[in-house]
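First, the structure itself, so that you have it in front of you.
Letters A, B, C, D, E, F, G and H mark the chains in the order given here, with residues in each chain numbered from 1 onward.
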Amino acid sequence: MNKSTIKYILEALENGEMKADDALVRLQDLPYTDIGHTKIDNHRSLRNGYPEVIYGEHKTTQQVVDIFQAMRKKHSNILATRVSEEMAVGISSFCPTIVHNSVARTLFFEYEPLPETPSSIVIVTAGTADLPVAEEAKVTARALGNRVNMIADVGVAGIHRLFACMDSIRLARVVIVIAGMEGALASVIAGLVEIPVIAVPTSVGYGASFGGLSALLAMLTSCANGVTVVNIDNGFGAAFAASQINHLNL
Amino acid sequence: MNKSTIKYILEALENGEMKADDALVRLQDLPYTDIGHTKIDNHRSLRNGYPEVIYGEHKTTQQVVDIFQAMRKKHSNILATRVSEEMAVGISSFCPTIVHNSVARTLFFEYEPLPETPSSIVIVTAGTADLPVAEEAKVTARALGNRVNMIADVGVAGIHRLFACMDSIRLARVVIVIAGMEGALASVIAGLVEIPVIAVPTSVGYGASFGGLSALLAMLTSCANGVTVVNIDNGFGAAFAASQINHLNL
Amino acid sequence: MNKSTIKYILEALENGEMKADDALVRLQDLPYTDIGHTKIDNHRSLRNGYPEVIYGEHKTTQQVVDIFQAMRKKHSNILATRVSEEMAVGISSFCPTIVHNSVARTLFFEYEPLPETPSSIVIVTAGTADLPVAEEAKVTARALGNRVNMIADVGVAGIHRLFACMDSIRLARVVIVIAGMEGALASVIAGLVEIPVIAVPTSVGYGASFGGLSALLAMLTSCANGVTVVNIDNGFGAAFAASQINHLNL
Amino acid sequence: MNKSTIKYILEALENGEMKADDALVRLQDLPYTDIGHTKIDNHRSLRNGYPEVIYGEHKTTQQVVDIFQAMRKKHSNILATRVSEEMAVGISSFCPTIVHNSVARTLFFEYEPLPETPSSIVIVTAGTADLPVAEEAKVTARALGNRVNMIADVGVAGIHRLFACMDSIRLARVVIVIAGMEGALASVIAGLVEIPVIAVPTSVGYGASFGGLSALLAMLTSCANGVTVVNIDNGFGAAFAASQINHLNL
Amino acid sequence: MNKSTIKYILEALENGEMKADDALVRLQDLPYTDIGHTKIDNHRSLRNGYPEVIYGEHKTTQQVVDIFQAMRKKHSNILATRVSEEMAVGISSFCPTIVHNSVARTLFFEYEPLPETPSSIVIVTAGTADLPVAEEAKVTARALGNRVNMIADVGVAGIHRLFACMDSIRLARVVIVIAGMEGALASVIAGLVEIPVIAVPTSVGYGASFGGLSALLAMLTSCANGVTVVNIDNGFGAAFAASQINHLNL
Amino acid sequence: MNKSTIKYILEALENGEMKADDALVRLQDLPYTDIGHTKIDNHRSLRNGYPEVIYGEHKTTQQVVDIFQAMRKKHSNILATRVSEEMAVGISSFCPTIVHNSVARTLFFEYEPLPETPSSIVIVTAGTADLPVAEEAKVTARALGNRVNMIADVGVAGIHRLFACMDSIRLARVVIVIAGMEGALASVIAGLVEIPVIAVPTSVGYGASFGGLSALLAMLTSCANGVTVVNIDNGFGAAFAASQINHLNL
Amino acid sequence: MNKSTIKYILEALENGEMKADDALVRLQDLPYTDIGHTKIDNHRSLRNGYPEVIYGEHKTTQQVVDIFQAMRKKHSNILATRVSEEMAVGISSFCPTIVHNSVARTLFFEYEPLPETPSSIVIVTAGTADLPVAEEAKVTARALGNRVNMIADVGVAGIHRLFACMDSIRLARVVIVIAGMEGALASVIAGLVEIPVIAVPTSVGYGASFGGLSALLAMLTSCANGVTVVNIDNGFGAAFAASQINHLNL
Amino acid sequence: MNKSTIKYILEALENGEMKADDALVRLQDLPYTDIGHTKIDNHRSLRNGYPEVIYGEHKTTQQVVDIFQAMRKKHSNILATRVSEEMAVGISSFCPTIVHNSVARTLFFEYEPLPETPSSIVIVTAGTADLPVAEEAKVTARALGNRVNMIADVGVAGIHRLFACMDSIRLARVVIVIAGMEGALASVIAGLVEIPVIAVPTSVGYGASFGGLSALLAMLTSCANGVTVVNIDNGFGAAFAASQINHLNL
């Protein structure tokens, strides 16, 4: 149940096109749907601007299927991240129109396309190996109704590759910078643009990368202004925050 | 040298009101001013939307004075953060109109007020002890031309205090959440709003707070969507990012 | 051998219903039973109020089987945690009445039901993915004779779900809060109740969760009063402590 | 404003001894008192069973004085922890009846003594150097209305000292174990008692103690059942939790 | 080549029973045997009192086989630790008299039994799960010629089990204490004995055990005197050091 | 495209042997080749003295194949590190002359041999288990045109093995020291030579080695002068730096 | 009360030279003396071979004075470590024969000299800056009745200094190696001797030394056999363990 | 005693200008001078190419004075780093020609100027606050006979400042990059040059910089090839390594 649905119900009530009792029935499940192991937050699109997103990791396939089916009854778009191959196969078997992106590890069921934003989010990666995180961000940002542009493999070891792309980056309303190892790309880009920079450290690297810790600390201590940071490998979170920014004042 | 100054020079050149040579002289120091220990980035307001800000920590008083004086020749507003009492006294002695905020540890010299944004940034703190970081954020955000609202001491131990303020928070375009200890406030607020949330962990706490590490990790792993994070105690950085967001499409 | 058995022996001795020699034989194995790789602490129910619990992890299946069989000769209830599927199959093959909970990874052999406490323990989880830890806590608490109520998936990202359950939580004598990621739920609940709060950080999350470290640190540094914390994923330990509290003055 | 005051108001209203308007005036400040830098949570004794406690660290003396004076107007008992010498002098100057404990670093203003619990809390320390933390716990527990017994310096290096005190420990309803270095005392005591054990790691030690981390980790991973843990040096938190347990079913 | 062999050569030379040239040939490989990937330190028994021990981990099976065969040509006893099943099968196939201990993960080829020490090393474990480390220590200590006594599963959760064994422990010349989780057993034993205590932290435990870190830090910060510590799970190292102590002044 | 090719083009242009348009076509892809997931930095040999090296880890086999094929069109030597068996099989199937070193996990396609340096790099390892890292260094150094000498297994536990090799070490122009565990070899060698020492910590070891952290910290804090350090297990990086040094002034 | 005193009492009793009642009075304070803040472990010399040692850090001067005076009544030698200047002045004022070593930060009151061991402990330091830790070890070892030899500043950066001293080192019965920075000296010495090596990491160093962590980890992961380790800067603990070894079979 | 002195002695001996006995006397102190607390390594200039450098931290002023005076008798140049103001005053009082650099915290006594290298070392800093580390590097490099060029404050937040200096950087034979915070400058420069890059992380920054850890990890995990790293704030070490490189084949 999204904002426009709720607005429609309230207007229908106001206009006498719907009776109070009927409106009540349709609105009463607003708080959440309790399916035992999970309390689905139907309210979230009202508070956060988008329905709850299913986080697949640490859940069983059966739990994800249950949540998916309960949400589908609400006629909302459904995005699931960190899904296993088993989950993708399981849900596709009864919902063949769902889109599975195996690089991003996402499932997306689009009940109703959202209007696309006129402004865009640009996703920039330091290396080829950062692509799974970038794909998660891209799928998420698009599911949330954003125009998205992706620029891959412009890490600072060959900084001329970045400069060749700066004009495209500056065209966006917000930039997501995805980098592992030492994560220097976030600082370099933030020093060159006026738009908000959301940095995503990735677990790409070895040894003293400590699973993405080096990039995380580097991005948090960036000498450039305006860098904000999300969790390691959190392409979804970066895209969600970028979408909030990209939807301001539309 | 800010954007409007540069625009003025270029228009004057275009209109024949200024000669190319004179324009050249005025523009030639654009890249940076080298004063030995420091290369002042005069170009930054063009790239990042605001002049370089002086970071006082780890610098000597003499270095900060030198940078301040070099910047003042460019007729720009000058913000310095993390300044010591000695720096404040030193600069005030020859520039009495500078404003020193001893809680925020900032100095601000306003050559020309920036136009204030119609929309606002709201700064929320979990506790009284987070105020120095909040003040740094407030001074920074105002120096960057933003309307600012501050709400103090609404941590989750008495969550009704937060709920009483949610309406004011939702009126803003972006919210900065400042919290030490376990930093739970960022997650709670992010679960309740549609606007971007920038979280600032503080070093308030002891023992297993490890100088702000607990709040930092908590904010990075928030279960709520849309939280981005800056460095521990980095009120300046949060305000800078918030200002970039608040200035989008104005 | 539990407290009432020992009391019975001593009274029988006192009343002349049992001879000293017979009492001696029955009491002599009190300290422990040595089965080579393990010294089973038969004394524990006297000191700690409950027989030794078998911790399956890091043990071989054969060792767990040996301990189980030695304990069964003492006619006590037997709880085993962190058991593998192989252990469950192995023990069930010769003790078909044992109950295996594969989510909780527990085995429970109930020789004699304990009286159920009139007051209850409530177990609250932040997310669906915390359920294995919650199940371990539930099985443990019930094995120790407690009434248990479980409330799942009320994390702070949708805090209205929690408020809808606060009345049930306040009915309990002690609350176990189980949460991964940033673990904020413990602080929020502790700010709202008068009863003791035992917090269990879980390893749910990724990146800067560092295997549950972020939730652990957050719970230890909670701004709310009265939160005590157990090890990451330690549903058993939380339930044991909660049971001690729930059995006070019964 | 404590529970009995509120009950009195409501009963007076019920009995016609007080008018609704008057009751309203007295109740209306329930939520919190906003004094600018701080929002005092007057509601807390209703939710948590005790008024808000002032945490002095990271606050200025002026802020603590302001909070103290605002709370005194509510006629509640007032406890402040982690107060500096300056704060103690400042508040004593206008409130001479306040009790300052310089070892515990507490201030306590007792408007009305709470009834003392029949059962007691026992506080046990491993070494002499743990006494400041133990004192904070003792002052807190007494302020919250508990009978308290303290046993100092029974660390495991001379374990016979502990055994000589086990009978006194077993008489209590809950035990607080305070230890630095390797914190082994918590495990040893928890293996010997049936009552809840709250462990407080202290920063006593050097080198690989890492400011209390070794004791913290040791207590969290105790091989004995029923140990719950609070933050390093958090005597207050341990006493608060112990008091909640000690007040159950009184 | 051990000490007595060398002494024999030198005496034979002295007595004219061996010619200088022959002695030279026999002594010339003293420094080391270079087999490409490895330089076998034939000199070690002279310097350290025992031939080089083969550490199997991180090596390939072929490398271990090569080293074993090169050492066998020197007619020394050969001990290998951390060997895989594959290595055990490989070496047993051509050296059937080698003894493989699959719990300890050791191989031992005894060319010539060492004289057994009159005094003994006692190995004490906190739990059943510590046995693989204890077995490695036992095999090593015996290979080095020590009498060994093992006492398993006397952790502090049931401390009476330990007291029942203290007399056997005091009979030894040195004690190795092996414990995971919080490692408290080392402190308790060290507080009760006069002999040297070598503590081995194990990786037994989960969550805040962090792979043995909690036990390691606890043992390093023991409040009892005389505890020295080796690496996590290093049963071999503890036994080697204990053997050096046990061989003093024999 | 390497330096001599570019020099050839420019000279041909100068001499009139090539037309500007043709030169342009050959030079125009200098910056990089964009193959979607990757932007190959053709420019690198000009800036860094050697073509981009393919880092196989975190990439898919298909991505590595794509990059390899794109690079082959530029007629440069191609080195790939951290390649899986699958990648080696995949590329060998269509490029049979490629050399796969399965210990080093490298692939090397030599289009044109580089001239070998007169001076050499010496690679020294502390143990047999460090050989995979040493092999990566050796393959890299040779691919970059260096004479290489390898000395294995001279760790400080048998320091006479090192002294026997010191003369060979001093003959080199730069030394790479590879060691896990406590990494002491780097300090000992650096105390004995005048040439630059590049230290590579390896993840060989267990427990408190923490995946190479102990060796890394030890090498960074070496008491000997002149030690510089690369990432854990980074044989490639050490060889690259050594090659830069070895090619100075040739 | 030391062993010989107790033996004297028991023999006097046996010989009829002392009455049972008198013996009782003299023995009855064996367990401990309770002076409020501290329970002095008079029993310790019986269990551990030496009276309790006063650890001054984290204690107040008054507490140390109280403990000292209570111990003096027992006529035992008294050693205090980590004493402040204030403590030294305080105790010297009423006990002028006490010896204060301000480098070692120790106080030693010798009631009765212990017999000196025929064999010795050798203390070796890597650098001049490790001397305070070495002095603490020396004072402790001598107070415990050991012959001690000290060799300073033979770190591996100039390894020939060590070799010149190896003969003196081999003469000892046990060696204490004290080193900060990368702590390599412990491995090098352990590779060269047959006697037990106790390693003491020191906090000497900066940056990645992390207060002695680098040396600690290095010593724990030593590639040489037989190294055991104590806490950072723990000269006392090393000397205590060394003394236990040095007193075996005397 | 430096290389040329030793060569002179040997030649004099060869030519009959000096007698063997006299040569012996002059050479016999080669190994080291033992002044009690310190063994001065007179041999070092022969092995490492430069006399021992005095590291002032953790030493007393008296110790530094003693070492200085002992070295002065050998007529060598003397460099001391990390000296306190007290040390500088103390040594200057009897050796007025010594040069004290209070920013670098160095003392340098030049007995005989070394020949200056034709090639140079360039030192680049990211920010003004990195200057003390850069000064230590500069003083060290010059003392070791190198030409040095310093470029300050070209961090990546204003990357055009760096590009303006790239030509000067490329003129050097080796570059030292000094940066705190996220240390990105090392990666950017290494991506642009062919010469060796030695990176020095500094402790400049706060919060998640963790005393230089973020820059250290970032530099170790640089995506650019050829970066080697020294300890945090170790300007001396970087300069020493750079000097070794700069002196190759001169």
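Going forward, a contact is a pair of C-beta atoms (placed from the backbone, for glycine too) under 8 Å apart; a residue touches a chain by one contact, two chains touch by 3 or more.
Note that the coordinates shown come from a computational prediction; the quantities given were computed from them, not determined experimentally.
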Shortest contact path, chain D to chain H, counted in steps: 2
Separation of mean Cα positions, chain D and chain C [Å, integer]: 27
Chain centre separation in whole Å, for chain F relative to chain B (CA means): 44
Chain centre separation in whole Å, for chain F relative to chain E (CA means): 38
Distance between the centres, which are taken as Cα means, of chain E and chain B, whole angstrom: 60
Residue numbers of chain H (touch at least two other chains): 157-158, 190-192, 207-209, 216, 220-221, 224-225, 231
Pairwise chain contacts, counting only pairs that touch as defined: A-B, A-C, A-F, A-H, B-C, B-D, B-H, C-D, C-E, D-E, D-G, E-F, E-G, F-G, F-H, G-H
Interface residues, chain D side, partner chain B - complex: 31-32, 36-39, 41, 43-44, 52, 55, 57-59, 63, 67, 201, 203, 211-212, 216, 231-234
Parts of chain D lying in touch with chain G, wherever the complex brings them together: 127-129, 131, 152-154, 157-158, 160-161, 164, 180, 204, 206-209
In the complex, chain B residues that touch chain C: 126-127, 155-159, 181-184, 187-188, 190-192, 205, 207-210, 213-215, 217-225
Chain E partner contacts - residues on chain G that touch it in the complex: 47-50, 53, 119, 173, 190-198, 216, 220-221, 225-232, 237-238, 240-241, 244-245, 248-249
